[in-house]
């Protein structure tokens, strides 16, 4: 089913989802960044705000139009909601060991970029949990650090969305082509004031997304990344990256598929104990702690671990790539390390 | 009754020697059997022979006051006992005890050195054998020094 | 079983093995877990302290869990000190098993606490079973009395450092391994111990003609979940909790030789 929504329709969509008991989360402008937070209405969206991104660079900027989805590579991903930074696992007391009730709300994610849509599927393959209702926002304006096309994860929304929106602002107004991806999505759309989509509407949206595919600022080298990383375990290149990498772990925090956690044990004064998981990063010095020391202490070994896992051994472990080409690791790296350039360096060539 | 030749023929230690070369070594060796408890040599004694263990076990030891006599290395079948005959002052640096019924080929190292002087090719092969045995012993000793089984806490 | 919630087991016996190791026998408080097989491990939870992976060191038929624990950190110390009656949380069975189908000659090579995960295979039917076990000192040898009583296993013990009362072998575990009688094509070799020890022993066995496919090692990495969720136990492409700990040597060799992997 496809229809065209105006801003009022978008607002109605948010209201329908809230009325259904969902917590609607979407992009908001906060603290000089486009982050993710609960939406009360379409007025909460960052209308007219875009971003300027580059290696180690992120600034919000005012757009010339009032687009609500005209931004990318924010510091947060939907991972924060599906795989919270801290989550209680079990409690332990004199009566035994008890599971902790999952109190996560039913989420509706509004404005999920195709890269993040792919990331949600990859992440949920590992962490499970309740499936969110997903309103994807197809990309018509790739960000400077984006490379979703070369990872096969965009700019068109892949499977897993309930509704996909394609925003367009022109002489005919500010509107969204809304296409359902599931029956549930269609049922929600049917309750939102909209007009039928015409062949022109569909052609314009398709054209915008297709044009975005051809305007990507960067790409991974065109070869099997898993084989590339597997073949370069002993490459001298890791030492070269290590001279720049601060092992700060920003990349792992902003990456929408990094899932590693550490488990913490706490006790209270009554002797009851709790176990909780918290986000961990393979860049932490003790991440690989074993028998009195860490296995991976050097920066080179830790960077190699992250990149090899993301692009290579994720395939061996989970049957899919860990990277969706969102570019966040490039924007949020204080040293401006670009994973596509590092892959190109390993492949022995210059990045196209 | 094993002759030196049949005893030495089967040894991996000497497998790179030609049949003739092995026969030459056999010619300066004799087979001996030892009862447990036999002291093969004492630290400081004259080192003029070496042993190739065919079966059984020999322990190399030294005295560490006040701990007493401590075994530093055990040597089993196919391995060499005794190195100090190679270099001056030709005195044993450790002692050695037989700990289980042992059969060994005892080599007259003075005669062996004379053979090597006459036949450099044999001398070279013997050197390689000795170096290889020393290398294995050194590597195993380094592994022990790593103290791999220590408790990390 | 991919759950975070431990199943309560109670310590029924605590046998002191050495100055820093004990063997705990655990019985279920109520529900019992599926059968553990040799090579597999449990995540053992000490209330309020934490959880660590410990291999089974015995697999009795009655579902008792047997674990030999060496006190090396806070959690293992808590488990080590647990007296009979203490409730321990158990999750498992996790990991791969020692592959014993079609075994002819079984060669078991253990270093230090590595003997614990290998103990359950010593009575596996075979044409011949040889155990070569190394320990730091005679006081650190595990299961000494039990090993002395084994009638159908050739037991070769060696220590890195002897002492006044020790009349056994002194030398690194690779040394007797170089000279024990061996039929390479009919031997299945199982190795468990510190990584360098396994590397050197595998090298010795390869040098004696034992094919790499007939050698298995037990790998180890930091483990926090045991169920493939936390990411800590990665070793190259493997998740040790799921693809190990027991691994064939052809797979393990390049991983063991890579630095800081």
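Letters A, B and C name the chains as they come in the text, with residue numbers starting at 1 for each one.
The rule is simple: contacts are C-beta pairs under 8 Å (C-beta built on N, C-alpha and C of every residue); 3 or more make two chains touch, one makes a residue touch a chain.
These numbers were taken from a predicted model, which means no experiment stands behind them.
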{"item": "Geometric centre: closest chain by C-alpha means", "value": "C"}
{"item": "Which of A-C and A-B has more C-beta pairs touching across its chains", "value": "A-C"}
{"item": "Separation of chain B from chain C, taking each centre as the mean of its C-alpha atoms, in whole Å", "value": "34"}
{"item": "Whole-Å separation of chain centres (CA-atom averages), chain A against chain C", "value": "41"}
{"item": "Distance from the mean Cα position of chain B to that of chain A, given in whole angstrom", "value": "67"}
{"item": "Contacts with two or more other chains, residues of chain A listed in rising order", "value": "291-292"}
{"item": "Multi-partner residues of chain C (at least 2 other chains)", "value": "72"}
{"item": "Overlap residues in chain B, where contacts from two or more other chains coincide", "value": "152-153"}
{"item": "Contact set on chain B toward chain C in their complex", "value": "57, 59, 67-74, 76-79, 99, 136, 139-141, 143-144, 146-153"}
{"item": "Residues of chain A that touch chain B when the two form their complex", "value": "291-293"}
{"item": "Complex interface listing, chain C residues touching chain A", "value": "3-8, 29, 45, 47-51, 72, 89, 220-222, 224-225, 228-232, 234, 236-239, 254, 258-261"}
{"item": "Touching residues on chain B, where the partner in the complex is chain A", "value": "152-153"}
{"item": "Touching residues (chain side chain C, partner chain B) in the complex", "value": "20, 70-73, 77, 111-113, 134-136, 140, 158, 160-164, 166-172, 174-176, 178-179, 193-194, 196-197, 200"}
